[in-house]
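Each of the two complexes below includes chain A, the first together with chain B, the second together with chain C.
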Partner chain A sequence: MKISQKRIVTAYVFLAVPLVFYIVVRFYPMIYAFWLSFTNWKLVSPKQDFVGFSNFVKLFKDKVFMTSLWNTIKYVLFGVPLVIVISLFLAATLNRVKHLQWFYRLLYVMPYITPLVAVSWVWRWIYQRPPAGILNNLLMAFGLDAQPFLTSMNQSLPAIVVTTVWVNLGYCIIIFLAGLQTIPQEYIEAAKIDGATSRQSFFKITIPLLSPITVFLVVTQSITFLRIFTQVYNMTDQGSGGPLNATKPLVLYIYQKAFRSFDMGLASSATVILFLIIMGITLVQLLVLNKRVQY
Partner chain B sequence: MKKALLLLLVVSVIFAGFAGAVKITFWQYYYETKVKLVDQLIEEFEKQNPGIEVEQVTFPYENFNEKVAVSVPAGVGPDVLTLFYGWIPLYVTSGYLVPLPAAEFSAEYLSSEFFPFVSKGIEFDGAPYALPTAVRALALFWNKDLFVEAGLDPETPPTTFAELVDYAKKLTKYDDKGNIIQEGLTMQPSGQGHQWIREVLVRQVGGTPYTADNRTVLYHLTAPEALKVYTDLITKDKVGYPGFLNDDVTAFRSLKAAMTIDGSFRLGTFRPLTNLKWGVTELPSMNGVKSNFASFWAHAITTNATGEKLDASIKFLKFITSEYAQKLWLEQVGELPANPNVAAAYYDHPEYGPFLKGLEYAHATFFVDETGQRQVMMDAVDKVWIQGMDPVKAFKEAAEEDQAIIDEFWSRVE
Partner chain C sequence: MTRTDRKTSFFAYIFLTIFAIVMVFPFVWMFSSSFKTSEEIYEMTVIPENPSLANYEFIFNYSMFPRWFLNSMIVAVVTTISVLFFDSLVGYTLAKYNFPGKNIIFILILSTLMIPTEMLVIPWYIMVRQLKWMETYWSIMFPGMISAFGVFLMKQFMSTIPDDLLDAARIDGVSEFGIFMRIVMPLVKPALATLAIFNFIGNWNAFLWPLIVAQTPKMYTLPVGVSYFSSENLTRWELIMTGAAVSTIPLIIFFIIFQKQIVKGIAMSGLKG
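And now, the complex of A and B:
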């Protein structure tokens, strides 16, 4: 065996370890879930019969499934634009801060590195009705009426979106800041000399040059919001996604079907649908947003 | 040295083979006092039954069903398993449990050794499947200090529903905007509230929750007003609402709720709180009717136990549900005995008494999907107080959803 051949073999041997790992813990369960979505398997039962598309038919007839599907879309539609716009604004502002920038960065990244369960419970208490909730006490101190927040049909989902945006901001700000620091100062300076206002150079130079970063964040944030679970599970009564399913996302629906009603077949079908949605949205975003900008 | 170790190993393996001890495995979820007591009971059982070894395995409550689901089919599960009685139908239909042999556990044995509601709760398709050591019931807890503050006698809790409402109103405090800052009575359907509605209020207004075969929902037909009785406390009398101070237990233990309906398992939560002066009494009656909800965890024998192991499991099951074990269970874990003979000695106990009296007229709901059926009742209450739906209509919708869950269960079984 030649040395070059030996090198190749060595490389494959090393690659084989993560490959086997991925096949066993990622791909195999994924393909198995696809199979399960066509069966009537109950978690606690040994029986696994093929039932064709009947799980999918059942899902689309299930009002709760349709509500959680719609809720999931709402989480993405409210959450992603909010987190992108706010984090871009904060990152651009932070980029100009010369003193103590590390301190502000740390401040914003704190929520992101705090365990999500803890964050959720703190916010659950922040949103409490009087006399406990700090937000309501604040409202009342300004002479406003107390709000039901998490116990309201209309306010509960936005309330959870706000918490999630607050958590994800830190991560997006750090990524945006890194992006901003890669933009050559010459472009901005040249524009200044040509008489561009700072607003013009921000919209005409900074934002277009940031677009690969923005695409990356939009895609990853969309996936994050599509998979929202922990916040809802911990911020609603008994992890129910209530009141009356007003906050229940798809993942919580799947969890309840799988581990509360033990209906693995149905849960797998819902998982397949979620998988297709995530893949679809991601592909569309990559196609539409991923246009390279060069100067 | 190595040789000596090897020899020791060989000898011990051979010895173990010859000794032929039957080894059975017992599973329960982790709860410190229960685990310690079972260790103690196993030691005594092994002394009385040489040749049987029992190994206790515990795991977190949260992954109970997942753990069982992966272990029993793989043949590495327990021989005796402690499960919530509401899961029995699911476990039986999944093929995990064997019926208790009639020769050992006759109908007479069950009726003489256990409270009447037990035999209904452990039965599936006419056969008994599990036995409890301890049971739980509901009662009314009240905060004596808040009673004094409201000008009520701290030693006289309400005994009728009318009194309950009257006291609750007096005990509720509002801020100047009308927000509740102290609950008269906790209103938490996700806690024990749903049980109170289903098994207590429904019966007290003259209804029956389900048919005798447990396959048909009746509460919306036989007691259409029962939900209204409950939700009126939230919407009309405004003595509390779901989620006040997050949940009923938090509200009561932080002295912000004057009364709460909860289970005997809560005694252990309230006992250590020195700033909380509480009493506990039987659930208030209505129209002269007393009712209560009882539930329990029960020990069942799994399909893993065959031959010698089955015999050993039967012996062990009898031992951990014996009067002796129940007495220790009450003293060390604080759960109510399932045997009326053991209970009799504690009827005047200030803490256990009210629960034990409640057991005489208690009912154990036959759940096919406990979480799902609880959710139905939580949703019904939410529909009324959040969406303003008519309680009779909300109750009817709850019944329809409940029926759908029950039908779905039976369609899988048959």
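And now, the complex of A and C:
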């Protein structure tokens, strides 16, 4: 056997276990999920018939599904702009100070590495009604009215958004900061000599130069918010996504359909919809990055 | 420094400090509550009047938290070791060997990054039931034994190793696997450290999959167990906060030790995108 042939054999021996893993634990389950989405299979019954698109039709007629789809969109629309804008301003401010930069950065990133379940329960505790909740006590100390937060139809979703923004800020700050530090200082200096104010140079130089990073963060954060589950499960009563489905996102709907009602067919159809949305966003990112943001 | 510079940096520090307080306060409140007795838990004192370790003693003596702590540790450590070994091996093979199908394999592995876990949990659950893996550590761990992001990361690092080094070892009669374990692995230690840290954190914090497969308290991981002291009628906040603190403390220690690698690792993941 020639050396090059021997190398080929070695390569495939090295890859054997990982390839089996990828086929059995990633590709086969994915194809299986697609197949399930076209069947009426309930875990408890042996019946598994091909039903075409009827699960998808059922989903779009299901009020709870439509509510959770709409809630998911709300999480993205509220959460992503908030986390991007706040983290950009914090990163830009951090980039300007000379001392203690690492210390602030450390504090900001702590929530991101903390278990999300622990974070959710701490915030649930903070949001409690008076006399238990510290946030309401703070509001009352400033002479404001106590708020229902998590028990309110209108406030519960924004309250969960705030917690999630708090968690993800540190991640975005670190990435923005890394991006800001690659911008040559000469650009800013040159603009200053030409008489630009620091606000002008921020909006006309810094933000355009950061746009590839901003696009990346918008996309990854959108996907994070689309997949929101743990916070809602732990911050709402009995993991219900309540009150009255006001906070229920897509993934919680999937979880309940699959592991409470054991309707595997319908739940798989909902995962296919989630997958298509994520694919769509990722493709938009590729298009935008290739086209617009070249400087 | 001009006067306006000094003024802006003064406001910058105030702005940063206010946010730092917002970021840290929930942690302070969590620890503060965990040292309070059930009588004091509804008091708004940041420093408890009678701080006590009673909640921690209770949790460690009369609940399954020690077991859950152990479960979390086993899951996080075993998956991390597996990821380090297999991701490096795949990354090395893809970077340093020439064989038919190489590019397709790399693209296929990377493409799995786009599959949301939520889509896979239903088939995984069916697999676990059919193969009778229910209530085993293996059922919690198997989906995370190899990570596509790690393969990508390791391939990048492996391709910086000079081929001459590998050829020299071959001439010295080192076996192909020996080259990987004894020559290549020590050279990529920094990358291994980054991968280990992120993988450990990710598995320690994982919730959805353990929630699905760990059905009896015996097999819970810490995140699944935190809500144990909450029921429809009564929520023992002091115990829940203690449980949350117990699941957070190892990560805070971890974070203090590895802060540099963590910050660098996050920045790297962004700039790649």
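Here is the rule we go by: the second predicted complex is superposed on the first by the 261 of 295 C-alpha atoms of A that agree within 3 Å, B and C clash if a C-alpha of one lies under 4 Å from a C-alpha of the other, contacts with A are read in each partner's own complex, and residues count from 1 in each chain.
Everything that follows uses one rule, which is that contacts are C-beta pairs under 8 Å (C-beta built on N, C-alpha and C of every residue); 3 or more make two chains touch, one makes a residue touch a chain.
Quick caveat: nothing in here was measured; it's all calculated off a predicted structure.
A.B. asks: Kindly say whether there is room for both chain B and chain C on chain A in the superposition, answering fit or clash.
C.D. replies: Partners clash after overlay.
A.B. asks: One more residue to check, A:107. First (chain B), second (chain C), both or neither?
C.D. replies: Only chain C; A:107 stays clear of chain B.
A.B. asks: Touching A:278 in the superposition: chain B (first), chain C (second), both, neither?
C.D. replies: Second partner only.
A.B. asks: Taking the superposition on A as described, I'd like to know which of chain B and chain C A:238 touches: first, second, both or neither.
C.D. replies: After superposing on A, A:238 lies in contact with both chain B and chain C.
A.B. asks: For A:259 in the superposed arrangement: first (chain B), second (chain C), both or neither?
C.D. replies: After superposing on A, A:259 lies in contact with both chain B and chain C.
A.B. asks: On the A-aligned overlay, A:45 touches which partner chain: chain B = first, chain C = second, or both, or neither?
C.D. replies: In the superposed model, A:45 contacts chain B only, not chain C.
A.B. asks: If you stack the two complexes on chain A, which partner ends up touching A:93: first (chain B), second (chain C), both, or neither?
C.D. replies: In the superposition, A:93 touches chain C alone.
A.B. asks: Have a look at where A:152 lands relative to chain B and chain C in the superposition and call it first, second, both or neither.
C.D. replies: Only chain B is touched by A:152; chain C is not.
A.B. asks: Which of the two, chain B or chain C, is in touch with more residues of chain A?
C.D. replies: If we count touched residues of chain A for both partners, the winner is C.
A.B. asks: If we overlay the two complexes on their shared chain A, which of chain B and chain C does A:125 touch? Say first, second, both or neither.
C.D. replies: Both partners, chain B and chain C.
A.B. asks: Clash with chain C: which of chain B's stretches 61-69, 97-105, 133-141 or 331-339?
C.D. replies: The answer is stretch 61-69.
A.B. asks: Which chain A residues contact chain B in one complex and chain C in the other?
C.D. replies: 43, 125, 131-132, 237-238, 259
A.B. asks: For chain A, which residues are in contact with chain B within the complex?
C.D. replies: 40, 42-46, 124-125, 128-132, 140, 145-146, 148, 150-153, 237-238, 240, 242-244, 256, 259-262
A.B. asks: Taking the touch rule as given, give the residues of chain A at its contact with chain C in the complex, in rising order.
C.D. replies: 4, 7-8, 10-12, 14-15, 17-19, 21-22, 25-30, 32-33, 36, 43, 90, 93-94, 96-98, 104-119, 121-123, 125-126, 131-132, 134, 137, 166, 169-171, 174-175, 177-179, 198, 213, 216-217, 219-220, 223, 227, 229-230, 233-234, 237-238, 251, 254-255, 258-259, 264, 267-268, 271-272, 274-275, 278-279, 282
A.B. asks: Once bound in the complex, which stretches of chain B touch chain A?
C.D. replies: Per the touch definition, chain B meets chain A at residues 65-66, 68-69, 72-73, 90-91, 93-96, 175, 177, 179-181, 190, 241-247, 256, 369, 371-372, 374-375, 378-379, 382-383, 386-387, 412.
A.B. asks: Where on chain C does chain A make contact in their complex?
C.D. replies: 8-9, 12-13, 15-16, 19-20, 22-24, 26-27, 29-30, 33, 41-42, 44, 86, 89-90, 92-93, 97-100, 102, 105, 108-109, 112, 114-116, 118-127, 142-143, 145-146, 151, 176-177, 180, 201, 204-205, 207-208, 211-212, 222-224, 226-227, 232, 237, 240-241, 243-245, 247-248, 251-252, 254-255, 259, 262-263, 266-267, 269-271, 273
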